[in-house]
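Naming follows writing order (A, B, C and D), and every chain is counted from residue 1.
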Amino acid sequence: MKDPGMYYWNWHVEWDTLDDGHLTKIFKVHFIGSTKYQQVEIMDLGVYGKSLVLDGKIQSSLLDEKVYHEALVHPPMLLHPNPRRVLILGGGEGATAREVLKHNTVEKVVMVDIDRELIEIAKKLLPEWHQGSFDDVRLELLISDARKYVFDMAGKEEFDVIIGDLVDPLEAGPAVKLYTREFYAKLRELLSNEGVFVTQSTSPTSTPRAMGVIKSTLETVFGWVEPYMTYMRSFDSMWGFNLTGMKYKLSMLDEETFRERVKRIRGGLHTLDYQSIVWMRSLPLFIRRKLGEYRGVVSTDNDPVFIEV
Amino acid sequence: MKDPGMYYWNWHVEWDTLDDGHLTKIFKVHFIGSTKYQQVEIMDLGVYGKSLVLDGKIQSSLLDEKVYHEALVHPPMLLHPNPRRVLILGGGEGATAREVLKHNTVEKVVMVDIDRELIEIAKKLLPEWHQGSFDDVRLELLISDARKYVFDMAGKEEFDVIIGDLVDPLEAGPAVKLYTREFYAKLRELLSNEGVFVTQSTSPTSTPRAMGVIKSTLETVFGWVEPYMTYMRSFDSMWGFNLTGMKYKLSMLDEETFRERVKRIRGGLHTLDYQSIVWMRSLPLFIRRKLGEYRGVVSTDNDPVFIEV
Amino acid sequence: MKDPGMYYWNWHVEWDTLDDGHLTKIFKVHFIGSTKYQQVEIMDLGVYGKSLVLDGKIQSSLLDEKVYHEALVHPPMLLHPNPRRVLILGGGEGATAREVLKHNTVEKVVMVDIDRELIEIAKKLLPEWHQGSFDDVRLELLISDARKYVFDMAGKEEFDVIIGDLVDPLEAGPAVKLYTREFYAKLRELLSNEGVFVTQSTSPTSTPRAMGVIKSTLETVFGWVEPYMTYMRSFDSMWGFNLTGMKYKLSMLDEETFRERVKRIRGGLHTLDYQSIVWMRSLPLFIRRKLGEYRGVVSTDNDPVFIEV
Amino acid sequence: MKDPGMYYWNWHVEWDTLDDGHLTKIFKVHFIGSTKYQQVEIMDLGVYGKSLVLDGKIQSSLLDEKVYHEALVHPPMLLHPNPRRVLILGGGEGATAREVLKHNTVEKVVMVDIDRELIEIAKKLLPEWHQGSFDDVRLELLISDARKYVFDMAGKEEFDVIIGDLVDPLEAGPAVKLYTREFYAKLRELLSNEGVFVTQSTSPTSTPRAMGVIKSTLETVFGWVEPYMTYMRSFDSMWGFNLTGMKYKLSMLDEETFRERVKRIRGGLHTLDYQSIVWMRSLPLFIRRKLGEYRGVVSTDNDPVFIEV
């Protein structure tokens, strides 16, 4: 037999838009199936290694899941002087909780994910992601629609940090109403006086409209937003985040405070240091201009923003 | 979520040559793994339905496995007036044995396949193929190299029909020496006086060289060969067979004898009738000419013919 | 640079259905552009060689255009004892006319094609196809909608042979109304008393519904139809034709008459002989059964049959 | 016909590694052909727009060629207090020269490119790139091997800025010896006392080994290197540059000097501002660590570094 690497036979295509996508070899399939909410695939993919794929979109891979989860979790956590109570929206495979729980200030983490079956699959097949976080006594896992939770608990609970680790707002997908003005207005009521909120915000380079509108939408609710981004090879693009909240800004975090607060983190950071934070928040002109095109374009329950494909 | 349409995410590519191949959606994965001898995949593929894939090549699919197995098995079986003892080389998934065992003349079937693990997988996951043939008391299953069996038993055993259901002769693959002059010379010693031999012979349209050389090689041993072919959509081409033996020719089988002998077959035929046999053996000029280009080109142990990709 | 092998960079995909397609390397681009009616590409493709592609579908390639054009033209032409007047519907690249004009009985060929620009492109860039047929004084080329021509001329003109070499009936495409009962009823009025009609009929294996419905539709008009097929690698499947007419049947053509009439053909046949005709019309059971599923399903102007993709 | 956007037929694949690549629709082909040195394609590609492709690799596209050329040219040009003489190695399509010539300090630009035919094609078909730069009297275009030029002129000519805009060092490709220690040692002799050198350095994310080794190799010659990077969607990854020279460092360029020197640039900058420079040179930890793996690995004429695929 010829080297199968030459004429390979099973390929995953990650469609970035209707006109382009990324081809990767499927080396191994650990699981393919469907939950009530989405198609779930766990596969070893080309250069990415073991990967979680939901509805055909790579959610994270061993190649760079740390880059993503550290970029999502630690900026808001390090901004807060003493984050004790944390809310995670989504985050089914347990890696966001894993990073949050590393902070020794944390007393309670509420994680709200709608897909019980996915979490069961993750517990069994994605130990590299959760690393036991589901067993941490500080974690309270709720199987529920994040929107319902936010609307029900607004005014009743309070969190120092809220992290949106939700799937992308795809057309007719379950997540479109988790990126709207109405949703964010309710969510704001769940933040403590010094609370920080961050949400993954799709790609500033492949889907700048989505990221720009999320930014504009948050601005109408909080008055300000700090977008930042990192590079995710397994997402085939730059990846964006929008950070906002009641008080603290990423641009105010100086190197000394950063170094001091990193000490809270059991095991330390793997992909981030202070210079990385500077890099993430120093968006170049061509990105700032692209996001700026959507200034004032707001996602609402009646007219939510979504991504094609 | 949009109907994924073309924007589907997992694809199988069946490479026909170094320059072209066939793309199919992977709808479901039942099994992906490796035995000692080959990579084994059992998947639901596009229009093909459930399919067995070995080393990246579709071996058979529910769409048309009957077309293949009936074309392979019944022409030689119906040619023989009373086939009692049958030898199957390869045929791991049990469908060739299934068809042979439908003939009520059959007393003993010896099936020689090298890959014990594949057979275990097939028993469990491919019931549509074997349909219990592995449990038939007339079947003797030997886990062994077909070449070793043929060389060991030549002159000791005798069969009325021998069926080569082997994987294609790929470069450096395990099957290249199962299509050589030396192998066929030994195999001839296993045929009874009226014995018939047929072998799958790759594609006359995609890999005419392979089919043509197998024909030429058999001619040096038996003096004559009747090539025939059918169309296999799941192989993405016409598929070829070479039939030879000690006495009976396909072109001699008249319609009355055909109809009479078909009565031997429990459950009858599904994809064949007499007209189909005429169609299969009436190769059109452009195929006969193509195969004719390899007249006299013989595969030997020292210089075996093989297929690239 | 490494031999690009699979790592080639430009690929053509011929979609057979919504779930599968054929990948081929693009080696050279001679022309890409659009006429008023269709996108036209002339490219050297993988194993196919120079190919004409209309709206993404390979129409013919040097690899096997002779197989297609000889199968389309010569069965009806050889059935007729003295074909003098011939009508070609479509056939823009000139190869169908080329084959018709080889018959020394032919006095007049009317070719009706809607796409003037395509014909100009073909004249310049596809000399291997037309081989000068556009310059034959017996050819009368009309730039017109074939439907309009047939409706206008019914009862006014008479042809011994009519050949439908039209693009497939794609949804919302220009050709759907060239395969309906109303169209065929008018076309019948253009046939002489002994007239023969044949039409390419898409693939019996990839799109059996289309071929089956064309057959059923012709049956309502002519009372009988003889379907036949050949194998076209560049179409990635078996390819079908339906033949009917006022008197002569393919099954009545004996070998002696065939041999006699072939003498009319300047230069002789390249891919056909009498055995090939037998092969083409001896459809195997699994094809006959498939086409039979559409018995009685008729394409009408109000409810025309079409192919997806 | 269905919307061809859904089932598109011609695709370009940009292979990033042996295991993954990027699929893009080919909307239009302006040119496909070969020069003595490389295959040249000019096509409208998916989201990229009009693109120049050499040997299957997108060199630049209208989508983001400005991002690339401004990142390559202006950091070294703005570092130098008075860049009058500039050498460009490669840069065939004229856009690097275009950016250099915008600096009103520039008196002479020598551009050395081996591929005369490519330059002729670019002059005719890529006006958006060169924008007339080939006609600037300050430009001296030499058709020559860059290596030969550097070895011949070392010690005879002197430049304030040298810019390496060469194709990637592919295995057995023409450019592997344009990234070696021996080459850089000679090139250093062409720099003036305050000279700055920058070279495109492949991707820090897809081919970090190549970028890391180029950095290490330059360090052995110059003692220091500043790597920086931007994001290129049309290259499907972050894209890297290594800057070094006799005196000036990017990290020493303060915002005031930057603003002052930008005034030299006719028409100003389109994708860069000071914050973008900070972003480009603030490599995050996961990139610095990756490049750091190749510390001390040096490319030499005898053992040059190269990229597979």
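Everything that follows uses one rule, which is that a residue touches a chain if its C-beta (ideal position, glycine included) is under 8 Å from a C-beta of that chain, and two chains touch if they have at least 3 such contacts.
Note that the coordinates shown come from a computational prediction; the quantities given were computed from them, not determined experimentally.
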Most distant chain from chain C, judged by the mean position of its C-alpha atoms: A
Chain pair with the higher count of C-beta pairs in contact (A-D, A-B): A-D
For chain A paired with chain C, centre-to-centre distance based on mean C-alpha positions, whole Å: 55
Whole-Å gap separating chain A and chain B, where each centre is the average of the chain's CA atoms: 51
Chain centre separation in whole Å, for chain D relative to chain A (CA means): 34
Sites on chain B at which at least two other chains make contact: 5-6, 13, 15, 18, 21
Contact set on chain B toward chain C in their complex: 5-6, 13, 15-25, 46-48, 64, 67, 205-206, 230-231, 233, 236-238, 269, 271-273, 275-276, 278-280, 282-286
Chain A residues within the chain B interface of the complex: 1-2, 4, 7-15, 18, 21, 26, 28-29, 32, 41, 53, 55-56, 170-173, 308-309
